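See the structures that follow.
Look at the two complexes coming up: subunit A is in both, with subunit B in one and subunit C in the other.
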Partner chain A sequence: MTAPAPTLTEIQQAALIRKLTALADDEIILAQRGGEWTGHAPILEEDIALANIAQDELGHAGLYLELRRALDGTDPDALAFTRSAEDYTSARFVELPKGDWAFTMLRQYLYDAYEALWLDAARQSVYAPLAEVANKAFREERFHLQHTALWVERLALGTPESTRRTQDALNALWPYVGQLFQPVEGEAELTAAGVLPDLSAVKARWDGLVVPHLSVQCGLSLPPAGAEQPGRDTHTEHLAPLLDEMQRVYRAHPDAELW
Partner chain B sequence: MIQTSPDTQWPRWEIFKQDSEKRPYQSVGSVHAGDPNHALLTARNVFVRRPAAVNLWAVREDDILIATPEEVATHPEVLQTPGEGDTYHVGVKKSHKRSMTFVDLVGTLQATGPGDALRQASEAHADALAWLVFPESAIARTDDDAETVESWFAPAKDKTYKQQQYYGVIGKHVGELKREGRMPRRATEEPHVADHKVYDHPHDATPEQVKTPEVQQ
Partner chain C sequence: MTAPHPPLTPQAVWAALDTVPDPEIPVVSVTDMGMVRDVQIGEGGAVTVTFTPTFSGCPALHVIRDSIGQAVRDLGASAVEVRSTLTPPWTTDWIKDDARERLRQYGIAPPAPAEDGLIQLQADATRCPRCGSFDVRMTGSFGPTLCKRLYVCDACKEPFEGFKSV
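And then the complex of A and B:
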């Protein structure tokens, strides 16, 4: 059904591993932040909905890490649950504490738009295993985007307080967004080879989608773009405590076979 | 009734799910939501996470008239409930087996209002435990274009889930363990077989028999 994967050079393979890991790391951390709302969301139905979305994101991380496993044999669980903050390659955007509901929904919206558009482009990857995964995950991501776009709109146009909180969230998040579109080392070569989507093209589509939604539809003011982004080896102070909590069970029972 | 504080609850929407093109819509439960789109998006997450579905409807609680035969007998004026003439959808509840929900939609009828629809429904389905009617115009429905079906409903089809027994820590039904004498007869007693105490965990004792069952469809 699918074309065989092109042969990657060793350098390309290393870059692809970096990229898959970065994609997975963003999903894992954001899923953990989403999971923090379980039992605390403003209404039962949204508690369930956000838990579902977080679970889907974690599922996407699993897909990316399975692709990595096919390349270098590393165990996805071990990658997720034994690496410490300095080895994680998540963007700072997903590490920020969960904040209030407006912050959570806005971050999830900005991320869903980025991920949906990235996956949409990745469906064309010449690397067939990635194209397959992208096809699968894109379906879910497009739905996430509808859900969170609706929430951002309702919050932005809701009460004076919800408008204020949504604008505050946008002000806090906007400076961090750029890091999602920052290529990993060696990514340009993989893009040129058709393995990975062109991030600048994804960013252009993202701007075209997100900016009118936030400014025209939701009436929010866009803050100035963020300054130069550090690399994915630079983390916020929030990552280490998050990992401590997330990894506690795995680290306490390293030999557990059934999860 | 005097309301002492403003009602800040979102309205309740009854959710009707169609599992496949050949199945009737069923009432599966409700969500609270601010508007029709919100109700549908939330319902998708709440009710279509795993099982297969092809369509979702959300209908505001206020637009639904529900009655049991007892209610109709004691308050026959319910059959006069005024409203708009429309095509009305009829749901009937035929069994107590599935608790509060799982009302099947059985068809439509033309009525001058909800009371009239209820009267017609009660005559056509005299044996029902409850009737439910709502006008066609009250339905918020998911789009049936390929994109929506693909992103709202297709992912659930690939998602299997583990049956509860998969997580069984003992690995077999407690009755079997009792029959084999592997369960204590009193809370303070240690597990035993005949007169011999069993110190090992049942898993270790009979590895072949206690394998967790395969995930079932």
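And then the complex of A and C:
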């Protein structure tokens, strides 16, 4: 049922592990930010929706880390719950505090569009295990995009206050979003080998989707693109406190069993 | 003094799995949902069951895995391995017809045919499971479990859950 994985060189394998970890780290951190709304969202339905989205993203992180486990045997839970901020490779975009509802929905929308398009491209990977994961996650991701795209539109075109908050959120997020499209070390070689999608092609599709949606349909003004993006070893000051909260239970009870 | 079990057949394993309920929707079984993809019986009666997860973040996955293993052990299997596969990815199109009807009677609108590929911005047409009307509104694109969404029927005024089409 499952096609054999192509043989990777040692260097390619190290790059693939870096990429899978970066993908998982973004999902974990964004899921944690989404989870912070549980019990606090403006209405019950949205509380449930955001918890669902966060749960899906965490599921995707699990898929990526299982792929990593197949390569180097590391335990996904240990990776998620014992690495400190300097060892995480999340993008600063997902680390920023949850902000208001407009910020949360806009960030999730920009991320969902990126993730859906990346996964769509990754379905063509010659590395069969990744293509399988992409096929699986892609089906879930389109529900997120459908949901958050409508929210961004509703907020942008709602009241003067919701418009102002959505524009403020866009101004705050736009300088950071480019980091999602920064390749990890060694990624170019994997792209050339057909293992990973070409990030610049994903970025072009993403621009074609979100730029007209935000500017034409939602009437928002796009701020200038951010300056050159730092690598994924550069974090915001918000990551460490987030990990402190997220990892507290695991660190206190590392041998706890699944209930 | 229990009688020795007769040799296991794949049919017997499938029949046992037909009785393993989906932990979140107990009116349907794991086979009704199309989650069980393969049953193999090897040397000495060791059973391998291959199943595919519905949603990757589904918290019921380990319960499903344990329930499948238990059901097969109850048949007297010498060893049971429950494997998971992602290929081909699970789709709501695999839910059996009679299970769709049971979902509807339970108050959950069964899924529309799944579409692959394009990223859709419009939701699929859904029919009220109680009165059959298409005059329904989605009130939440996500529901109490990852596989469902929330609706209200404007004809009979009842709220209901509907399956996502994936």
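We take it that the second predicted complex is superposed on the first by the 255 of 259 C-alpha atoms of A that agree within 3 Å, B and C clash if a C-alpha of one lies under 4 Å from a C-alpha of the other, contacts with A are read in each partner's own complex, and residues count from 1 in each chain.
One rule holds for everything that comes next: a contact is a pair of C-beta atoms (placed from the backbone, for glycine too) under 8 Å apart; a residue touches a chain by one contact, two chains touch by 3 or more.
Treat the numbers as computed from the prediction; the structure is a model and nothing was measured.
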Query: Following superposition onto subunit A, is the placement of subunit B relative to subunit C best described as a clash or a fit?
result: clash
Message: With both structures fitted on chain A, tell me whether subunit B or subunit C touches more of subunit A's residues.
response: C
Query: Between subunit B (first) and subunit C (second), which, if any, makes contact with A:Ile48: first, second, both or neither?
result: both
Message: For A:Gly99, using the defined touch cut-off, is the partner it touches subunit B, subunit C, both, or neither? Pick first, second, both or neither.
response: neither
Message: Between subunit B and subunit C, whom does A:Phe143 touch in the aligned arrangement: first, second, both, or neither?
response: both
Task: State whether A:Pro183 touches subunit B only (first), subunit C only (second), both chains, or neither.
output: neither
Message: If we overlay the two complexes on their shared chain A, which of subunit B and subunit C does A:Glu132 touch? Say first, second, both or neither.
response: second
Message: According to the stated criteria, A:Arg154 is in contact with first (subunit B), second (subunit C), both, or neither; which is it?
response: first
- prompt: Looking at the overlay, what does A:Leu58 touch: subunit B (first), subunit C (second), both, or neither?
  reply: second
- prompt: If both complexes are laid over each other on chain A, which piece of subunit B (25-33, 79-87, 115-123 or 205-213) hits subunit C?
  reply: 25-33
Task: Indicate the residue numbers of subunit A shared between its subunit B interface and its subunit C interface, in ascending order.
output: 45-46, 48-49, 52-53, 56, 136, 139-140, 142-143, 146-147, 150
- prompt: Which positions of subunit C touch subunit A when the two form their complex?
  reply: 37-38, 50, 53, 55-59, 62, 85-91, 114, 116, 119-123, 139-144, 146, 150, 164, 166
Message: With touch defined as at the start, can you tell me which subunit A residues reach subunit B in the complex?
response: 43-46, 48-49, 52-53, 56, 136, 139-140, 142-143, 146-147, 150, 154
Statement: subunit B residues touching subunit A in their complex are 10, 31-35, 37-38, 41-42, 44-46, 49, 147, 150-152, 154-155, 158
Statement: Touching subunit C in the complex, subunit A uses residues 1-3, 45-46, 48-49, 51-53, 55-60, 62-63, 116, 120, 128, 132-133, 135-137, 139-140, 142-143, 145-147, 149-150, 258
